[in-house]
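Multiple structures are listed underneath, in structure tokens.
Heads up, the next two complexes both have chain A, just with different partners, chain B and then chain C.
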Partner chain A sequence: MNDRHLVDPDNGVISREIFVSDEVFDEELERIFARTWLFLGHESQIPTTGDFFNSRMGTESVLLTRDTDGEIHALLNSCRHRGMKVCRYDEGNTHDFVCPYHGWSYSTDGTLVATAGELFGVPHYRAGYGGNLDRSQWGLVPTAQLVNHHGLIFATWDPEAPPFDTYIGGFRHWLDNLAASTAGERGRVKVFRGVQKWRIRSNWKFVSENFLGDNYHGPTSHSSVDAVGIGPGGKHAATRHGDNKRPRSVASTSFPDLGHGGVTTAGYAWGYPSFAEPEIDAFFQRRWRQRLERLEAEGRPIGAFGPSTLFPSMSLHAGGFPRALIVAHPVGPTETEVWRWYLIDDDLPAEVESWLRHWYLRYSGPAGLVEQDDMENWDYATEASTGTIARRYPYNYQLGLHMATPSEDLDDAVESSYFMTEENARNYYRRWSSLMSSTSWAEIEERTGRR
Partner chain B sequence: MTRLRVEVLRDRCAGYANCVDTAPDVFDLDEHDIAVVGAEDYPQDQRGVLERAVRRCPPKAIVVTDS
Partner chain C sequence: MSEQRLAELLLKEEIVEFLHHEADLLDERRFDEWLDLLEDDLEYAMPMRLNVRHDEANRETTRPGDEVCWFDEGKSTLAKRVEQIQTGQHWAEEPASRVSHLVSNVRIRSVDPDPFEPAEVEVGCRFLVYRNRVAAETDLWVGRRTDVLRATPDGWRLRRRHLLLDQNVLLAKNLTVLF
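Let's turn to the complex of A and B:
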């Protein structure tokens, strides 16, 4: 499909078709979700051998498993015989996935099979198949590549996809902040169990676009929650983040060749919010000082701190408060299943953990006050864009057009000279268009000169 | 020394034949493709291979006990 006519980032105009069309959606599954690196879960969800977490990539169920050697695998949750889900639990512990339909059985036990997910038994193997079924060829389908990035697990179905480090580029700093504790220690976070999952009647890209640097919607969309005062600072704090030291204008960063984007630059962070409770406030101010000392000692940038999106569908609040991430799984052009994970330091005192849980849930998730504001916008924008007349008129992405400058910190990024900008969205759709209009990674890399 | 008693739960067995692959001297299949055990009991030195057959049985149809 040639989607160049639908997406025109240079002029800041994008057709509504890419948010509502069945044809575009089907093509996205093939050209984006089957090819890019996608987030599956955090290693703290499967800490011991035999643990599994039933995750998802695009529209498909994928089992994140830990085998007997402690290695992590991602396996398509669909029996090779008739496609039945071999596992219908959200999470658990087993090495055997026995299909409930005809009994084909798969194992992640390295003492029984050569590769995780291998077919290790079928009923009536001798009498029915004459012992001739080549079980080594009929295992659960594994992802082509998988990485554990400081505890965050990513995988891709495409063996030709660029290595993960190349794929994320300078966006690594936002991911690294998500994966580190509030004191900056790498890998010292864990997931609050469990993962919130719910469906919205919105195109999946609205979610990604909202978090990758849309500072524009905040003052309008979230003015009511700011008025109520739901933040850590309580009723008298300036905003829902409670951070009375957060500056009004923060630049954002995006990656024209990679599509990722986030608020703040790699070199700037605004610090942790002020909390209404003195002991919790003191706790996090101490962690902030520890973080600055650690990052400086290790030569890591202190910024890359704000809301952000890893192309295509993983969004995160990199610097915490709330330290959470959301994945927008496509269901159809106008329906999305969103999964939200909450991350906390693995050594928090119980009272701090409890305090954070309350604030996180007040903020995010299906009942979270800030998330509800966003969902209203995404749902109604999608609905009001499906009509015959509405589809004739494109969306406007001209905020901050031609106001981007090269990043001071990162060689593959640009920054906006004015803090309210749609530069990040334009670069996101530039990447989207590049993937949608090419048949191979080689073609994309030739175009962008990156590998 | 006690010997090992091996039992196949016939209503669970589905003819995977993994036990026959693992311990052909112990297990066989009958005319209904259900696993059968050759002897009343087995010596202790067969414990390793029998436990492996237990682990390789997807429907967990094999029970090994000290007789």
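Let's turn to the complex of A and C:
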């Protein structure tokens, strides 16, 4: 499909078709979700051998497992015989997944099989198949590539997909912040048990766009929560984040060839909020100083903070608060299953951990005072875009058009000159268009000159 | 009928009346009056429900106080929710949804110290909350609930509410309804 006529980032015009059309949606599953790097979970969810977490890539169920050697794998949760889900638990511990239909079983025990997920047990193997079934060819389908990025697990179905480091580019600093403690130590976070999952009647891209760099929606969408004030209650109690006032000159960052984006630059961070409780306030002011010292010593940029999105569908609050990530799993053009993980330093005092958990839950997720209003907007924007007449009129993405300049910190990024911009969205849809109109990664890379 | 039995029946009638009154306040959007029924040390939680193996039933429900829940909060956060609705700019409830709270299967589980002079009562019930929003949008939340009610000079007050929603993936876009 040539979707170039649907998406015109240079002029800031994007057709509603890409948010409501069945045809475009089916193409997205093929050309985006079957090809790009997707987030599956955090290693702290499967800490010991045999642990599994039932995750998802695109529309499909994928088991994140840890084998007997401690290696992490991602396996398509569908029996190779008749397709039944071999696991319908959300999490647990096992080395064999036994299909409840005809009894084929798959193992992650390295002493029994050569590769994790290989077919192991086949009822009536000798008498029924004459021992001729080649079990090594009928294992659970593994992802083509998988990486553990400081505890964050990503995978792709496409063996031709660029290496993960190339795929993320300069956005690595945002992911590093997500995976680092509030004192800046890499990989020193864990997730709270329990992934919130809920269904919304929105196109999945509304979720990504929201976190990618849409500072524009905040004052309107979230006016009620700003009026009420649910933040940490320190010096800036009235806001939802409790942040120091963010200077309007702080630019957003986006990656024209990669599609990722975030609301700050790599070089700027606004610091931690001020808390009403003096001991918590002191704790995080100390952590902030430790973070600055560590990052400076390691030559890492101090910014790459706040809401951001890794193309195509993983959004995160990189550093700062609340520390959470959200994945928009496509269900249909106008339906999405949203998953939210909540992260925290792995060494917090119990009272600080408890305080943060309460804040996270009143901020984010379907019951979060902030997030509730986002879903209302995404759902009704989607619904009101399905009509025959509505579909004739494209969305406007002209905020900050022609106002971007090359990043001062990153060679593959641009920055906007005003904190409210749709430059990030325009670059996201450049990437979307590039994937949708290409038959292979080689073609995409030829176009962008990146490998 | 023994005096004990009679006291139990009267107490149950009183508790059911309280639960129905509370549902009326919520459905008639008399949220400030509803907040007045909450004790300051209220514990209000709706954990999440996971699919786990039959021999891991202790992991089926996430733990309030420790793990991720749909709700795990106290009166101050519930008061913020009410205040947010009342701003008139809480778009997820503006215009207001039509909501009905149905409470059934009410059973008194324990009475402290006794039904003659009850100070605290633990009561179990089923809840069914129906929401209709804007035009054709409809949600249904059903599950089990355990409440702890405390007797005060002003009447019964809610001390604890634990809601077990019978859903794994939440089949609603948000939870702007007070349960």
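The working rule: the second predicted complex is superposed on the first by the 441 of 451 C-alpha atoms of A that agree within 3 Å, B and C clash if a C-alpha of one lies under 4 Å from a C-alpha of the other, contacts with A are read in each partner's own complex, and residues count from 1 in each chain.
Just so we're on the same page, a residue touches a chain if its C-beta (ideal position, glycine included) is under 8 Å from a C-beta of that chain, and two chains touch if they have at least 3 such contacts.
For clarity, every value in this text was computed on a predicted model and none was experimentally measured.
Student: Looking at the overlay, what does A:E293 touch: chain B (first), chain C (second), both, or neither?
Tutor: Neither chain B nor chain C is touched by A:E293.
Student: Could you look at A:D26 and tell me whether it touches chain B, chain C, both or neither (first, second, both, neither)?
Tutor: After superposition on chain A, A:D26 lies in contact with neither partner.
Student: Touching A:A127 in the superposition: chain B (first), chain C (second), both, neither?
Tutor: So A:A127 only meets chain B here.
Student: Can you tell me whether chain B or chain C touches more residues on chain A?
Tutor: Between chain B and chain C, C touches the greater number of residues in chain A.
Student: What is the contact status of A:D69 with respect to chain B (first) and chain C (second): first, second, both, or neither?
Tutor: neither
Student: Once the structures are superposed on A, label A:E279 by its partner contacts, choosing first (chain B), second (chain C), both or neither.
Tutor: The answer is neither, since A:E279 touches no partner chain.
Student: Given the touch rule stated above, what does A:G194 touch, chain B (first), chain C (second), both, or neither?
Tutor: Second partner only, chain C.
Student: Contacts for A:L112 in the overlay, against chain B (first) and chain C (second): which applies, first, second, both or neither?
Tutor: first
Student: Where on chain A do the contacts with chain B and the contacts with chain C coincide?
Tutor: none
Student: Using the touch definition from the top, list the residues of chain A that touch chain B in their complex.
Tutor: 96, 98, 103, 105, 109, 111-112, 120-128, 131
Student: Using the touch definition from the top, list the residues of chain C that touch chain A in their complex.
Tutor: 46-48, 50-53, 56, 59, 62, 65-73, 77, 80-81, 83-84, 87-92, 134, 168-176
Student: List the residues on chain B that touch chain A in their complex, please.
Tutor: 14-18, 20, 29, 33, 55-59
Student: Tell me, which parts of chain A touch chain C in their complex?
Tutor: Contacts found on chain A: 54, 88-92, 192-202, 221, 223-225, 227-230, 337, 342, 354, 357-358, 361-362, 365-367, 369, 371-373, 375-377, 379-380.
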